[in-house]
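Common to both upcoming complexes is subunit A, partnered first by subunit B, then by subunit C.
Presenting the complex of A and B:
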């Protein structure tokens, strides 16, 4: 889609590649390649349950990544999503376990808290004109501290699947006569489809892309830039709230106050692998989903082939370098054309 | 029109945020207030009794002690307090047990230590949040001739002679206890196995002393039990554990102890580590050396359903308590878990303080730990040490 240069090779000139976008095809091939490599190398990876775990870890990174894609496309970033997710999950857990509220209310609290912080981020960036990196770095610290204060420093677990309150866990995986169905994928794909349409087919979406490519030109043409830039952060906050529910839903562990820093980089990394430009102006939600799958594949696959934790980090880093190089390379090519 | 709708929406959200925010602060302050009033009501009473105590002390030899803990955030500390109170009643001594609001309030704890010294007690119990910050207080206590007994994590790095003794859990021994209790359950499988079998160890990190020792104690003990029965064992996985363990590296050993440590403390990474271990066909048991790892085992089991007892099941052993691990032990998912003994720690602390104040020689003490299973976790002796 972005490759409009007249020259090009057989691959980029292929009509299907043109329609879908070269980057997405490359990432999709990488997903398949990684899957096959792990499949061949590790017998434990071949088990069905590993696929379920793979999707488990995709849900919360996926929701965060969908949201942050919008911020990245405006040329900004949202660093508060990792600690924010933990903070909202703690708030929800506190209300359910300590205040005895129904789980549904706890989930709603996660989403509302996410939207409120999204609003706050948007206010800092769009109205006060703070650099997004700094503004969201501050909210990252705030959410980290707030989560601890909310529970009085205690770590709290969401209701377990064996209790009646644990029904919310079946949103992501349901056990039907011994077979686990990872139905969370339905919601993730649904979110991707909806947000793809929003980004590409609606006015707010097109404005968000335009902010990233040339904010000044858009402002001069009479568009309320502040509003649409603000919206990008609210979207990010909303999806972080959903991520908090997914995090609580797939992990039985108690949510630990003070944790979550670093998780945002998994989501941002996924969006960038998926072809979203760090400079803004381009990116797709489908690409982000593919990026999320790559991150999850690395997270799940590398331990399965027996690599120690530190090697996993190195390999993940190398894959990110490769993805960003592709992005830089593509931009250079575009500039030359 | 659109603008109006947006601004109305904005205002509503902001007001909502304010209401929610204010609501929290209100309750927060209230509880804080309640806590302070409680403290206040307690404090004068304490002081009074101390005053009378001082006159009594001369006559009957009674003593008073100041205990400066790390706070009451965790149920664990409530249990330490209970043990200390029990022992104080038994010995007929007075104690004043204090602690900061959170384990980050170092300055508050220093303040508490200073006022503890000003009360000139017969001894001070201290679980320092930051040894360096407490140094002035420790020196002041030393020159005033007040003995300090460290407890829980103690006062690491304190100068020689400043702390007369430390009462704490011996984490290495706690790890050994886990291995001793796991071994009978896997002994027959190892004996009858035709191929090597695997025992997984999940450790939250490789740097913390307590978690590290819990892992090493388990590995060393399990390896020695295996070797004592005429089989061989080896350690694989995380380099630090492989190097630090006493177990010799053996090729083709009958029992492979594999240690998994995530790159960072993250529930999802530890869950993956556990799933990877569970997915290996030769894994017969997994040990999680703290609450984080134990809970990751529960998360992994949600998908794999492999923990339990019987044919084809993997035996799970965890550490610490908390709602998640307690229910996994209660419903038979885990064979059992180790809990520290905070009540015994509280008791030992007061006993050591009393001995030190009486001029007896005191030494470091392991306050022990307990193995709990679905059968014994309801008993009073165990239940008092389990917390949510």
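Presenting the complex of A and C:
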């Protein structure tokens, strides 16, 4: 057992593959492959506007996925992100449209509400020791109901880009002489870089990984596991708040209560496709970003080759099964090692 | 005692690195209660696992009811009438008593399970045992004693001819033990062969007819219980040649200050009114049999489990330790008996595990200083002679002894003055063992103090300056190394009140 050399094939032993991680390269290849397939099969997919809308959906799924990656790495999950995102977007819209607040305040409300609910989830999981799945399922129902109450069950639109209050939409898209520049990608990539650093280079990140790997060992090392587990849910809430802004910013129509259910699975699925383990202890933010691109490609690409919503769900489900099977397979190998 | 029903002869079994059973003999007669005794790790459980087909044997033969047999799994043994009542009860708490007893062989009417028939059958079984349990109760609602009775009922429902009791009294109250003994005597009088595994010397005298003693995987001898004394049995259990020289006198200066004082520590059933002192530069051995409450004492002291009461003083100052965080702040480090589960974060690297208890000191600004972390990890890899390709190697790829060194490094990086070593050499090969011993001696020479919990008598006698002995959650002895012998330690370890 001592100094055991890891076995592998030519691919996994390649130094570049080792440095980046085999799963990320496979997912990157899958992103390219999917893109090429849709590109060849569909003329509408080849249009520039399709690329822009593909990125549009990447923003909000991406922010949610970055946040939930931290929960998953602790060995938990946050199911409240989908309905939470809609709830915060509705709260923001309500404050701007009905109460006449500036749009900047509306955005701040999204983020603060996200942090508050993240705090709440963290309390349920880290202090009360509720199973994360159940605790965040409850928060999912609470946020869904709360969003509807705020608007009296009606849809509300954030200010459109033609109004002075619509400046916030230029965070994601700038219209320069008729061409839409999707600059939101800059913020998404920036978030990935920052959170990658947090996860891999800072104490909170190190502890969050260690909680997922062996919480009791970390506790017996004299580390405050409650605090760091709690933080993972606050991070998830914060990024759900950002996702709410992105959702409002790219959606030209109004935000509808009840439309967020199921979106959490897009984000969680993205993280898992990107190599984050359902059992906790491992995962990367860059992998999550690649997973997000896969989800967005499926969401936008499948309708373009004539497969409508129902088919889209079936295929997304199958892709997730594939990703989770890979995770289970990896864990089995680890257990045998 | 009737005729011989079961003979195990020359049973030999090796695992990688361990000769677990060395040509062991055992003979069970109809209508006898036969004690199987030995220290922790003597090979009692392994022998029973070979008998019931959980392990295969390398050499030897088993004769059962006049025929040579080999069971390849417990089901085959069960079908032949050899059944184990386990120490940890294997019951499904959410099912009823009858459903548990007949699990896997439910009585059917057509395609449906016939619960009322199973209840009736269960009542018949209980009548045989002269006990009163409602077969329709949920298993989880019964006391441990009653659950054990159900396990016995399950055993006789298999038409058992030989029943093995593995430490049956460990979790029982006095009255429950009385009831258990009554049942065991009944079964014996019905002509069953009973194997009774226990550490409790006084029980052996009360319930058994013969005693077979094992030591270090070997067969020592068989005695008639009523013709032998407690001392005869203890001498057979411990009378080995000790390979390593035991310590003859304490290395601690008589005026060495007390660094840790524990007074009246209480935590649950397993830690009852434990008090002791630890001196600077001392190795304080904690001896006792399995379930004596030593690990529980350490965990309560360290704040890993809640305390019911008791005071802890470090260097004369009272400290309030509620969590492991408090303990670490007070300068205590704990090396768990179960490294894989509690000691290290296994999927991570040597360097990351080394700084896990003291990451604050390896953070510059926002970020972890990887260079500094690698330097300190490298330093301790060299100092402790940890065999690892690099400090970035994942700990899961190291051997047990080297994993233990990584855990020691973690507490040395933290600069803890009081270290609790819980079974420091469990599962470690002989070479690495003496390295760990050497390391512990160096640590106390540098002025650190060590509490060493160990189930190995030779280890206790070789390393300790003083020995605290525990039995059933209580401190039953404190022996200076100059006066310590295997016999007086074992006496204290079996001292029940």
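General observations
Throughout what follows, the second predicted complex is superposed on the first by the 332 of 337 C-alpha atoms of A that agree within 3 Å, B and C clash if a C-alpha of one lies under 4 Å from a C-alpha of the other, contacts with A are read in each partner's own complex, and residues count from 1 in each chain.
The criterion applied here is as follows: a residue touches a chain if its C-beta (ideal position, glycine included) is under 8 Å from a C-beta of that chain, and two chains touch if they have at least 3 such contacts.
The structure presented is a predicted model; accordingly, all values stated were derived computationally and were not measured.
When the two structures are aligned on the shared chain, A:100 is found in touch with neither subunit B nor subunit C. Touched residues of subunit A were counted for both subunit B and subunit C, and B has more of them.
Legend: residue contacts after superposition of the two complexes on their common chain; A:251 is shown touching subunit B, with no touch to subunit C. With both structures placed on the common chain, the touch criterion links A:218 to subunit C but leaves subunit B unconnected. Look at A:119: by the touch rule set out above, it reaches subunit B but stays clear of subunit C. In the superposition on chain A, A:210 makes contact with subunit C only, not with subunit B.
Judged by the touch definition given at the top, the superposed model places A:49 against subunit B, while subunit C stays out of reach. In the superposition on chain A, contact is made by A:154 with subunit B only, not with subunit C. According to the touch criterion, subunit A has no shared surface contacted by subunit B in one complex and subunit C in the other. By the touch criterion stated above, subunit A contacts subunit C in their complex at residues 1-4, 6, 197, 201-203, 206-207, 209-210, 213-214, 216-224, 281-282, 334, 337.
Put simply, subunit A touches subunit B in their complex at residues 43-45, 47, 49-50, 52-53, 56-57, 112, 115-116, 119, 148-150, 152-155, 157, 160-162, 169, 173, 180, 227, 250-254, 256, 259, 262-263, 299-300, 303-304, 308-310, 312-313.
For subunit B in complex with subunit A, the touching residues are 6, 10, 13-14, 16-17, 20, 24, 28, 73-74, 102-103, 237-239, 260-273, 275-276, 279-281, 291-292, 295-296, 298-300, 302-304, 322-324, 327, 331. Subunit C contributes residues 302, 304, 323-325, 327-329, 334, 336, 341-348, 352, 356-357, 359-360, 363, 366-368, 370, 387-389, 396-399, 402, 410, 414 to its touches with subunit A in the complex.
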